[in-house]
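Chain nomenclature is as follows: A, B, C and D, assigned in order of appearance, with residue numbering initiated at 1 for each chain independently.
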Amino acid sequence: MSAVMNTGFLPPELLRIIFAVVCAIVIVFGNAVVMGYLERKLAGRFQRRPGPMEVGFHGILQLAVDGVKLVGKQLIVPKQTDKVLYRLAPIISFAPAIMPLVVIPFSPKLQGRDFDVGLIFILAVVAINVLAILIAGWSSNNKYSLLGAMRSVAQNVAYEIPMLLTLLSVILVTGTFSLRGIVEAQSGGAWFIFLMPVAFLIFFAATLAETNRAPFDLPEAESELTAGFMTEFSGMGFSLFFMAEYTYMFIACSLTVILFLGGWSGPPLPYGEYTSALWFFAKVYALLLTMIWIRWTFPRVRFDQLLNFCWKYLVPFSLVHLLVTAVVLKL
Amino acid sequence: MESKDSVIAAFKKIPVTVEEVQFAQRGYHLEITLEAGQLRAFAELLRTGNFYLSFVSGLHLATGIEVSYQFANYGFPCRLLANVGVDADNSVPTIADIFQGANWHERETKDFYGVIFRDHPNLKPLLLAEDMEDLKPLLKKEKTLKDRAGISRTEPEAQPTPAVKEDA
Amino acid sequence: MKEYFALIFTGGKSLIVGMMITLRELFRPVVTVQYPREKLPISPNYRGHTILIRDDEKPLKHRCISCKMCERECPSNCIDLAGEKREGVKGMVLIKYRLDFTKCSLCGTCVEICPTDALDFSNEYQHVGFSREDFHYDLLAMVEEEEK
Amino acid sequence: MTTRAEKGEQRYVLNMGPQHPSTHGVLRVILEMEGEYVMDPQPVLGYGHRMHEKMAECRSWPNFLPNAARMDYLAALIYNHGYVGVVERLAGIEATPRAEYIRVITSELNRLQSHLLWLGVLVLDLGAFTPIMYTFEDREKILDILEDVTGSRLTYCYMRVGGVVRDIDDKFVERTREYIKWQRSRMPMYDKLVTGNIIFRKRIEQIGEFSPDMARRYGLTGPVLRGTGIPYDIRRAEPYSVYPEFDFEIPTETSGDCMAAYLVRVREIEQSLRILEQALDKLPDGPFMAKVPKKLKLPAGDACYTVESPRGELVYHLIGDGSDTPYRMKIRVPSFSNLSLLPELCSGMLLSDLCACMGSLDLVIPEIDR
């Protein structure tokens, strides 16, 4: 990238961005496949059963086969649904999922474009998903989906606040919103998880709720609302939601890694500039596995308990935490 | 109402014929025959004790349809079966407002026997479909009907029960 | 205020304990059996569909004297058998024994009531068919096939 | 506070339809909802109605046995035991002591696998997918043991008038003892994984108030009743078969909510194990089938036989008229009365609590519809 290549009519910077977006898409689909496979295999293993074994060696091709099935399925649009919004919802949910990957610094060299407001950009983009779920719930004209959509709006709005507050305590220390800046601030091995473990826990709980996962998966509560806002979607609509959920999980975990686990920093590797991305992916996938682990252990929280937990426990604690960091910084 | 005898004593107030029955042979303690008019008073009396309604079941006899109510007691073993003859227009007063559990039992008995429970909250079919209202499946045909004597236990000595006693 | 914090610690501890259990279960061997590849041994007393017992001493290779006791006693009358009188042979000869397994409730009345103990349960549990008739088993044909 | 109705907001009707993940069978509950709150749940029955009582009137005594097992497939042996008991009581036939012991042993095993399935399904309704797989692992062990002696795994036809079809051998006894040890070692794990879990406790505690008075008015029986503090268990209140010869406690709770029903059932698993142990120790020898005429004709008269099924009190009321088919057979099913209190219990509750309540009522729908 550094040497000026003869790029014909395209300015090198634009080429770089196009290449980054292509990498982002590859990561999104790769992550969806890997996560889908890991989720089924681990879910099986937790329940003392082997998980998918039929297709390919130990079910490796299971996700590919599922993809073909989902793509092949007929797109059924129920009669009284709002046609335009019904088709738009999955797209609105999945499209913004790719944008944050351009900003995330996988390794010192591997980063699409570093904004100095990278963090705010990611949060803004992730917030669109709430809108998509609301549109999906409203447009599929089904009482269960509407209930699921209402729940997810309240849940995402509620958990945005502790997430931002804990972010602020990190920003207070690093002083910059640029993701690269945050990671460099932790490069000396002083990861923020050691400085503020409580902030890490609060942030991780908030991301769980943001991505509708584990004990907070009320919007698509199987046993009450059949499949929540995704009830009326089948085929590609459902698979877009499915991939969007995994991509948002990936983004949430990578944010946690960048903020608290020191991004790409780790014991040096050959070609450090590029290969330290392995540390980044290792940490992200460790967090993703914990998310899966949590999902297959705990029952679902009731809706009012979910909000109580946020307003009575997470928000006060993150406020106090913010105060404490501010005071400590001043000393 | 702490013991079976106090229960029998309490029944003296509403004149009902109470017959004490051998539990080992019949599976319940008291057999009571009532008129439809006394049913509500009987239920209210039981409501004061520690009784609960076990079931309401119909019975199609030659002499007409009979409804039997079985109550049992949480405190001491006292299971009683009250048989009530149905009034002329095939109806019996409801006890759904005294024992709310009777609501569904009565609806089911109406499904199967067509017994009308007077001023029952909603007497729509419960187990049968709405359009099968007058199916009344458990009513018997003329020739298989028996009267009360036909189904009551004749004394064992008079007619030795065909079953071979286990002679171990 | 006190139970506010107590709840956090007890709650947190119970969450951790729960996760430790699933983690321990994660590394334990798999319990389930991969059905088409591995098959569990079926207990000999398993009640599959009824069959006529093969009995080589008997001329007809089975003991049924087509007395139709089982046909009469079957609660869901799924047995349909026919016998005929052949000269020179004592008693009836069974020519047709059809069992409609779609209606059979495996109650075992026919097996118990048979005077010559000609019936028994098979260990067959993999019933596959595309139409109802696939489950109308012809027990007489099954007994005769056995000898080949 | 002004209710929503006054503010002109309508209630909407949500259909927890015949096919819904948490009704475990074909039950439909019509919910009048205000937002997330269920204002008036009305169960609609009859989707699985097969008119067993009419079938009983047309079938001879031994032929009704497969029906008895198909009313409540989770307690088939207990339903067999009830039917066979009422016929023996009317006919005056005595089953042999060994047969009675075998009946108690198989019924307790049946109760255990029903409670285990209930435990897994309740936690599944609340959102945890893993515990049900562990309870299924335990349950498979019971099904294998019962398959060996009865020949089937779910709907059994094992008991006959006067005894049982096949004797239990030493392999059965030894496998059952092994199972008892295994189950006892598993219970602490369930305690830690489910009972101790803060999320599970918060979803279950103080949900649904079953008061003793409500129990009397609705005819509630079974573990839910014992959760309200009334120690009423047919095996102790009206002992039948050989239950008086075992000593076991009746676990009761006093708080009368879903958590109480949960704790009672979990402790009942331990009690059933204890009964099994004592029954295996005192198993007498002798014939397992009494001499009963092939063509059974019962005298006229009526008889009742009450049995403790995992969901409550099961009563067979049989009226015979001397022929070989009953004149009238009434089957009182516990879940029928247990479910009838749903409208009073769950109005004003959240939707997720309604699922928790229905889970703790341990409903089996074909039993309710008969």
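For the reader, a short list of remarks on this structure follows.
What we mean here is this: contacts are C-beta pairs under 8 Å (C-beta built on N, C-alpha and C of every residue); 3 or more make two chains touch, one makes a residue touch a chain.
Note that the structure is predicted; figures quoted are calculated from it, not measured.
Looking at chain A and chain D, the chains in contact with each of them are C.
Looking at contact counts per chain pair, the maximum sits at B-D.
With each centre defined as the average position of its C-alpha atoms, the distance from chain C to chain D rounds to 25 Å.
Centre-to-centre spacing of chain A and chain C amounts to 50 Å, using the average Cα coordinate of each chain. Chain geometry summary: the mean Cα position of chain B and that of chain C are 41 Å apart.
Chain B has its Cα centroid 64 Å from the Cα centroid of chain A. With touch defined as above, residues shared between interfaces to two or more other chains in chain C number as follows: 15, 18, 21-22, 25, 31. Shown for chain D are the residues that touch two or more other chains, namely 130, 134, 137, 193, 197, 199. Under the stated contact rule, the graph of chain-to-chain touches falls outside the line, ring, star and complete shapes.
A complete list of chain pairs in contact reads A-C, A-D, B-D, C-D. Those residues of chain A lying in contact with chain D across their complex are 43, 46-49, 143-144, 147, 215, 217, 221-226, 296-305. Remark: chain C residues 8, 15, 18-19, 21-23, 25-26, 28-32, 34 touch chain A in the complex.
Residues 59, 62-67, 70, 130, 134, 137, 144, 147-152, 155, 157, 165-166, 189, 192-193, 196-199, 294 of chain D touch chain C in their complex.
Those residues of chain D that touch chain A in the complex are listed here as 12, 14-15, 20-22, 36, 123-130, 133-134, 137, 193, 197, 199-200, 202-203, 350-353, 355.
Remark: chain D residues 45-46, 49, 51, 53-54, 57, 86, 89, 91-94, 96, 162, 212, 215-221, 225, 230, 232, 237-238, 286-287, 290-293, 296-306, 313, 315, 317, 319-322, 327-328, 330, 332, 336-337, 340-341, 344, 369-370 touch chain B in the complex.
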